[in-house]
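Down below are the structures I want you to see.
In what comes next, chain A is part of two complexes: it sits with chain B in the first one and with chain C in the second one.
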Partner chain A sequence: MPIALENVSYTYAPGTPWEHVALSEVTVRIEDGDFLGIVGPTGSGKSTLVQHMNGLLFPSDGRVVVDGDEVGSDRKALRDLRRKVGMVFQYPEHQLFEETVWADIAFGPKNLDLDEEEIARRVRWASESVGLPEDILERSPFELSGGQMRRVAIAGVLAMQGSVLILDEPTSGLDPRGRASLVEQLRALNQAGMTMVMVSHSMEDMALLVNRIVVLSEGRVALAGTKREVFTQLEALETLSLDVPRVTQVMLRLRGEGVPVPLDVMTVNEGIDALAAALRGEKDHASQ
Partner chain B sequence: MNAAGNASLISFRKAGFTYRRGEEIEVPAVKGVDLDIHRGEFLAIVGSNGSGKSTLAKMMNALLVPTEGEVIVDGMPTDEEANVWDIRRTVGMVFQNPGNQLVSTTVEEEVAFGLENLGVPTAEMHGVIDRVLGEIGLATMRRREPHNLSGGQKQRVAIAAVLAMQPECIVMDEATSMLDPAGRRDVLETVRHLCRERNLAVVFITHFMEEAVQADRVVVFHEGAVAVDAEPKTVFGEGLDLDEIGLDVPVVTALSRGLGELGFDVDPTITEMEEFVEAICRLRSRT
Partner chain C sequence: MLRNSVTIGQYLPGNSLVHRLDPRTKILGVLGYVVILFLIRDFAGYGMMAVITVLTAAVARLPLKMLVRGLRPVLFIIVLTVTLNAVMTPGELLWSVGPFGVTREGLFQAAIMACRLLLLIITTSMLTLTTAPIDLTDGLEYLMGPFRRIGVPAHELAMMMTIALRFIPTLLDEAERIMKAQMARGADFQSGGFIQRAKNMVPLLVPLFVSAFRRADDLALAMEARCYRGGEGRSRFKILKLGPSDLAAGLVMITGFFAALVV
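What follows is the complex of A and B.
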């Protein structure tokens, strides 16, 4: 179910003193099975952009085409769209409200008129997908840690079994372990075929997860490409005061000192391999 | 006294805190903590979600009063009602969500808010506001609406408002976690400057190990107690089992360890970029 934003512009509160252009002529295409990352400084239009992907916002200009159909205001079509394209907002745990974890995750599927058995199957699948232990399902979500509450909220969206999942800052505020395990779970969902879109300030998460990146600046696409293409555009990223992953920063510094390491190195394991290769390569050279 | 000869400003003496809901007695969030925070030091506190860090922070300025043991701020026990206002002037807090703690319509009113409550005369107040906004680099934004500022700027306004009260210590409870990378750097640089130039004690609670590395001292908090209390090099470098408590190490430390395991002679206690670059260059010159 490809999603295409074609020349999308969006203006908040048009014709009022608060008028604000949030997006200008943005074109983005998401293919089936993609993992697209969206980065940009605060206020660059990232959240406005993703809200166009499941019809929470409609373009002021341009159009959004999902699976060949233009997104419009037809209510039935919109309901189908929101079922297929799930959205996990920032700090989604603030929206939990049911008495038990089970009820919270089952809330969406129940509204789909599914039978009990199917609902139970979905709740189990969704909670397993985000690593929630079974004994938690009967507890109140409000007794859980922040990281577990975050997972319950994500499971609730997963239980709708859409084909696209959009996540806005999914790891923000989690401790390093919670972050690492959620990253693993998101990767597994994508590998199982789910199309994913992630908004994040964390270049480390981008390095571990996405295959393509769109960089927004003041509502426009400033850069787009594979993550390697984007993370090697250092000057452009610096102008936008955006970072590259920490390991890439180390490689850059070493290159500055004349150490022959590649720059498209983004994770710790890649970094160790690249450094070992560079150091060994020189040693072999010297001993010849 | 610590190594730099600075006296203790905040002292935890076997201090604990248990949240109680009605008749139910919950598990203690903080238990038997002995900890001294010294004047002018930059202390980072790290720990997993639910480790009790935020409870500990709230005990530093009497937002929470210990249910066992005691906390003493500049000689004042926090459990004496009469001390509360002096304690909160001495130890200021900045929280996670910049949007939730700003109440005024302009930046300067935000800074004036606390001073007005103290009954500071208007003329004197203007002097304080000028000085504080200048120091935080917000002088040109004094008439802006806080809500239209970036996250990093909002947190600096919150810091300015605390600073106007002339505190001895500022506690930042995950105050960078909702910011973008530029905002995080901005806030960290601001508090480092205040610590160095004004001898202000800073307690910096964070999930970002790259931020913790920049502190003078790091406390690892785990299951309501102090697990490690040492300088960053010791905490991250000496192979302490941080994995066990759900924390990670700075990237250069992870790279150093990885290279060490492959047989390269790299010091596994490296925590800073410059040290790492030097170590790699040294290795190369030897080959």
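What follows is the complex of A and C.
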């Protein structure tokens, strides 16, 4: 189910003193199975952009096409769209409301009018996908830790079993271990065929997860391409005051010291390999 | 956005003469205005009051659209009051539909009420449009000061208002976000009968209350961490001072009110 945003512009509160252009002429295309990352400074329009993907906002100008159909205000079509495109907002744990974790995760499937058995199956699947232990399901979501609440909220969206999942800053505020396991679980979901879109400030998460990146700046697409293409455009990223992954920074410093390492290194393992290759090369050179 | 549909209590930053007036002058002015509005009962008087309102709006450079938009949420109340007054007042019958009859006195009464309500709402919204919430509550605290002797907790009331005003936009934004999040999970806030719709609000209201209490806790902690302990002995960053323009504005207002009373 490809999602295409074509020349999308969005203005908040048009015609009032608070008028604010959040997006201008943004074109983004998401293919099936993609893992798209969206980065940009605060206020660059990332959250506004992703809300167009499941019809929570409609473009002031331009159009959004999902699976060949233009997103409009038809209520039935919108329901269908929101069921196919799941959306995890920033701090999703703030949307929990049910008495038990089970009931909260089941809220979405229940709105789809599924039978009890299917709902139970989906709640189990969703809570396993985010690593929630079985005994938590009967507890109140309000007595859990922040990290567990986050998982419950994400499971609540997963239980809709859409084919696309949008996540706005899913790892912010988690401790390092919680972050690492969530990243793993998101990767697994994507490998199982789910199309993913992630907004994040964390370049490390981007390096580990996504394959393509769109960089937004003041509501416009500043850079776009594969993760390697984007993370090697260091000057452009610097002018937008965005970082590159730490491993890439290390490679950059090594380059500066005269060690011949490649720059398109994103993860720790790639970094180790690149460094080993470079050191081996140097040794060969020395022994000649 | 949700917050843009709520204009009551909104502040429109500016630097006009009206914006720069002392909040106390503006509060007393509006208070006087409202009293006069209920004292007069003839259209020439209301015309005079309307002139005051329009002139003030012009000096404050408030766009007419803003003022009219502020009327939208109370339109229903105005229509209801006018209809009830027209139908319920006994007197000389003009025309009737079934058991309901419109009387001459009723029409007069309805027109009076409409004028009062329209001017009342427009003028009071002008007070909040031209006065920053902080200035407004500061002014109120000063004005309530004399009543402290008879046990009115002036500072506490002002602080409560400040906090309430400060959190209106925050909570509206929060409500909008939670609403969207639940809509993304298939929640429906628009269809169904009254009871169904009330039930559908639970997924919005529970998280909203939880977050309001969390915010209240955080705020209380932050205030206590900075040694807040109420109004006793508290110094001020901003001291209100009446200036020549306040005197002028006061004179203009009193003349206007007097004119409205006598015409």
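The rule is simple: the second predicted complex is superposed on the first by the 288 of 288 C-alpha atoms of A that agree within 3 Å, B and C clash if a C-alpha of one lies under 4 Å from a C-alpha of the other, contacts with A are read in each partner's own complex, and residues count from 1 in each chain.
The working rule: contacts are C-beta pairs under 8 Å (C-beta built on N, C-alpha and C of every residue); 3 or more make two chains touch, one makes a residue touch a chain.
What you see is a predicted model, and the numbers here were worked out from it, not measured in a lab.
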| item | value |
| --- | --- |
| Contacts of A:M206 with chain B and chain C, given as first, second, both or neither | neither |
| Touched partner set for A:R177, first chain B, second chain C, both or neither | first |
| Of chain C and chain B, partner touching more chain A residues | B |
| Which superposed partner A:V164 touches (first chain B, second chain C, both, neither) | neither |
| Partner chain(s) touched by A:V50 [first = chain B, second = chain C, both, neither] | neither |
| Contacts of A:M194 with chain B and chain C, given as first, second, both or neither | neither |
| Partner chain(s) touched by A:V71 [first = chain B, second = chain C, both, neither] | neither |
| Partner chain in contact with A:A4 - chain B first, chain C second, else both or neither | neither |
| Touching partner for A:G271 - first (chain B), second (chain C), both, neither | first |
| Complex contacts: residues of chain B adjacent to chain A | 47-50, 96, 150-151, 174, 177-183, 207, 209-210, 243, 246-248, 251-252, 254-255, 258-259, 262, 264, 273, 276-277, 280-281, 283-284, 287 |
| Residues of chain A defined as touching chain C within the complex | 12-13, 16-18, 51, 54, 56, 79, 82-83, 86-87, 89, 92, 94-97, 107-108, 111-112, 142, 156-157, 160 |
| Residue ranges of chain A touching chain B (in the complex, touch as defined) | 41-43, 145-147, 172-180, 201, 203, 241-243, 246-247, 249-250, 253-254, 257, 259, 268-269, 271-272, 275-276, 279, 282-283, 286 |
| Sites on chain C touched by chain A in the complex | 1, 4, 12, 174, 177-178, 180-188, 202-203, 206-207, 210-211 |
